[in-house]
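The two complexes that follow have subunit A in common; it is paired with subunit B in the first and with subunit C in the second.
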Partner chain A sequence: MTPWSLLVYGTFLLGGAAVYLLLPRTDRSTRTAGAILGIGALAAAMAICGRYFLDAGGLNAVFILSATVAIASAVMVITQVKPVYSALYFILLILAMVPLLLIQNAEFLAIALIIVYAGAILVTYMFVIMLSQQNAESVYDRRAREPFTAVFAGFFTMAIIAGQLAQLPAPRILQGTLVSSAAASPIQTEPEADNTEAIGETLLAQYLIGFELAGVLLLVAMIGAIALSRKRLPVVAHAIPAKPPGQIGREVPPY
Partner chain B sequence: MLELLKDQFTFSVILALVIVGILNGAVAYCIYFERKISAWLQDRVGPNRVGPLGLLQPLADGGKFVLKEDIIPANVDKPLFLFAPFMALVLGFIGFAILPWGGSVDLDGDGVVDVIAQVADPGIGILYLLGIGGLAVYGVVLGGWANNNKYAYFAAMRATAQMLSYEIPMGLCILIVVLTAGQIRLEEIVLAQVGNGNIWNICLHPVAFIILLTTVFAETNRTPFDLAEAEQELIGGYHTEYGALKFGMFFLGEYAHMITGSGMVIVLFLGGWHLPWIPGLQPEDVSIGAMLLKMSVFGAKIAVFLFFFMWVRWTLPRFRFDQLMRLSWKGLMPISLALMCYTSVLVYAGKATSLAWCLGGELGVVFIVLAINAMRTAPITGRQRNMPAITVHKPAGAP
Partner chain C sequence: MNEVTPYTILSVILFAIGIVGFLSRRNLIIIFLSTEIMFQGVIINLVAMGRFYGRLDGQVFALFLLVIAAVEAGLALGLVVLLYRRKNTLDVERWSSMWG
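On to the complex of A and B.
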């Protein structure tokens, strides 16, 4: 157990404690303590990231900033009492991940994330959330059901994975990021093709079958959803009441 | 100074400041022209008291917005209530960043292109506008929800459903242009239209142009698609509880969104800054004067579109909600899907820029739609078929 791995595991312990305290509960509020612990855990996490950056030759402010915002808003998503706020923090999470993709030159992925998640999926979430509860928060929103088990399971898994990753030297991706974002570096090269173009080429030339299969799968899922949710109404015969005798009537068709 | 400007980043920052400055004024005067045009269409005089011809009216309106009491109702969700107008305004404005205002520019006249007159030219191109369009509905949705008012809430629901439905035909129409041009950057799309013998995309795909224009109307919540603020049904819709400057921000956001939307249509279908056969407006003209000329042409095209938006607003009545949904899902979407499939076949056959093939396909689609419509019975709209029929009886003794 080196001091380094102690720092890594300690960060996750701190983070887990912070999330546990931040989770909503009805008896008493522990959110202030949770927030303080959370800030500490974030600082420790950024210090860990900082080591990799120093290994690779510099600090990346964009990465630090967006990663901090992303982690913080991810915690806010699960600790908010109002579902609408959870959905909004999820949007913030998506937006904070966009710079992380941009510094790796993954422009297409970044904008696809915005269009698909923030533009389409979350609007439907908001739709559902606003329909179900507008004002009054129900019991299951005001109280986390199994806070300890959930936090333990999540953070234990993450700590094990991160503890193993932390033994490795600086990841290749991070090194690449720093190299391409350092303006003075002589290694900086222009990408041969546009990112969008390259993704298109790869998807439609190299992985055509998989791409088409994914499309068909989505289509099947869509048709299945329609078939399952469709309510079969009994066909009611178009009842035309008999005209009273002796009166001239004009039927007005459905307009 | 010129040396400094030759850096694309510096140039972009200055261009962004200039454009946002100009457009802020333009958006304020949009409100003035909206009132003048509505007055003209309704045979009235319109604002004419403040300054000559009422030209200072926007300043007076702005002053009024600022000076009014800023009320925050008691039961609103305060953070979101304050946040929503900013969202509407900011998302209306950041779309400008990607519009190609004036092509390439050679600042010092040495024959080398120094900068492009575009704030940003990312590789994702037109997808950026789609992303912004997807986010733009949050201003309305959050405003409607935070109001804590049933009418505003209905407006938010309507806006969401409308946005989701109209984004699909919009995306398909954009895809038609991207397929035709084989490019995704806006500047390249303009150049592709010039390179195609001055044939703008509107000549190749008039039906797609009309569909895109319709969806832009829907995305900007303008009449006949302004169900989110239908006064007769929902009081003011999502901005019922907003007053003073916060209402003003929603207002400005709507006009900014209109300018972005028309800019997109112009770039995709009407050749951007280009006018055929006029010297100074061709891609090879790269002097500063040519840039300014191109910018004015782009601005003039936007002005024509803004007039069209206002003309439609004061001419057409509003859709009913089920009509709105049917138009998108049963009308625009199948048509644009068919057009997109046809365009991709043309691209495969190498005929994507041939006038005869494209127009033939468009005419075919129109013909098929007319034929299907002729064979169908009248749609069931208000009264459902399983309701008893209404019988109107004449009183006894009437002729």
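On to the complex of A and C.
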């Protein structure tokens, strides 16, 4: 146990306690303590990042700030009592993801993320939330189910994986070999070049079958969603009334 | 500790927060929002690893992930509307008769 890993695990413990206290329950008095603990955990994480990561190369204040906003808004999504606020905080999470992708030269993915998530998926969520709006806050939103077990499971996994990741040495040799083998492959696109053009080339040259399958999948899902959520009308056998004499045209049965 | 470690740790954190929300919340809509949080963690991981190895495959896979997320949102929300029409509630514990 080095002091470094103790610091990391302590921060995760603090964060887990904060999420446990923030999860909705019948008495709201724990939320303030949870918020204070959460701010403390985030500040500790930022301090660790600033101390250990800033000179590790490729990392700057943008990463730390966006990562903090992303983690905080993700916690707010799962701890809000009203689903509408959860969806709004999820939009904030998406907006915090965009700088994280931009500093990795993934411009196309960042814009696609905004369009698809904040523009399309979240609107669908909003529609469903509005369609199933309960009067005020419902009982099942005010009380979480087994908060301790869930927080323990989630944060235990997180602390173990992140602690191991933080202690990994830099695979410099592995990186060198893989980059050189990639340079030898015929479809080599430079990430530093035009990102959209390079992605289009990779997508349509190397992953063409996956691309087509994704289109088919979207079509199938659209048909499935329509078939699922259509309103089932009772089937009534309509007796077609006899036409009065002299009427021209086809009788349309009532829908 | 290398250049990609902060991104992977961030993705692990987002994924675990999604797991916590998925396990502990009772509202169907918030459960699906938690899966979307997990998707965000995976997207960060894919892009960071792709950049680390100098390939674009990570970003292409993240685009496929966007497609899967859209499909999942459409179908899952259709199911949610269907279930809400049946029992007039979004509580998952009302559906525990499927325990078998």
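We adopt the following convention: the second predicted complex is superposed on the first by the 193 of 255 C-alpha atoms of A that agree within 3 Å, B and C clash if a C-alpha of one lies under 4 Å from a C-alpha of the other, contacts with A are read in each partner's own complex, and residues count from 1 in each chain.
Rule of thumb we're sticking to: a contact is a pair of C-beta atoms (placed from the backbone, for glycine too) under 8 Å apart; a residue touches a chain by one contact, two chains touch by 3 or more.
Remember, predicted model here, so these are calculated numbers, not experimental data.
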{"item": "First, second, both or neither for A:Thr26, with subunit B first and subunit C second", "value": "neither"}
{"item": "Touched partner set for A:Phe108, first subunit B, second subunit C, both or neither", "value": "both"}
{"item": "Partner chain in contact with A:Val123 - subunit B first, subunit C second, else both or neither", "value": "first"}
{"item": "Partner chain(s) touched by A:Thr196 [first = subunit B, second = subunit C, both, neither]", "value": "first"}
{"item": "First, second, both or neither for A:Ala150, with subunit B first and subunit C second", "value": "second"}
{"item": "Which of subunit B and subunit C A:Thr2 touches, first, second, both or neither", "value": "neither"}
{"item": "More subunit A residues in contact [subunit B versus subunit C]", "value": "C"}
{"item": "Common interface residues of subunit A - those touching subunit B in one complex and subunit C in the other", "value": "108, 112, 120, 124, 127, 131, 134, 195"}
{"item": "In the complex with subunit A, residue positions of subunit C that touch it", "value": "1-3, 5-10, 12-21, 23-27, 29-30, 32-34, 36-37, 40, 43-44, 47-48, 51-57, 59-60, 62-64, 66-71, 73-75, 77-82, 84, 89-93"}
{"item": "Residue numbers on subunit A that touch subunit B, as the complex places them", "value": "82, 84, 88, 91, 107-108, 110-112, 114-115, 118-120, 123-124, 126-127, 130-131, 134-135, 194-197, 235-236, 238-241, 243-244, 246-255"}
{"item": "Parts of subunit B lying in touch with subunit A, wherever the complex brings them together", "value": "77, 80, 122-125, 127-128, 130-131, 133-135, 137-138, 141-142, 145, 148, 153, 156-157, 160-161, 163-164, 167, 184, 378, 380-394, 396"}
{"item": "Of subunit A, residues touching subunit C in the complex", "value": "19, 23, 49, 52-53, 56-59, 63, 67, 70-71, 74-75, 77-78, 80, 83, 86-87, 90, 93-94, 97, 100-101, 104-106, 108-109, 112-113, 116-117, 120-121, 124-125, 127-129, 131-132, 134, 138-141, 143-147, 149-151, 153-155, 157-158, 161-162, 165-172, 175, 178-179, 182-183, 189, 191, 195, 198-199, 202-203, 206-207, 210, 214, 217-218, 221-222, 224-225, 228-229"}
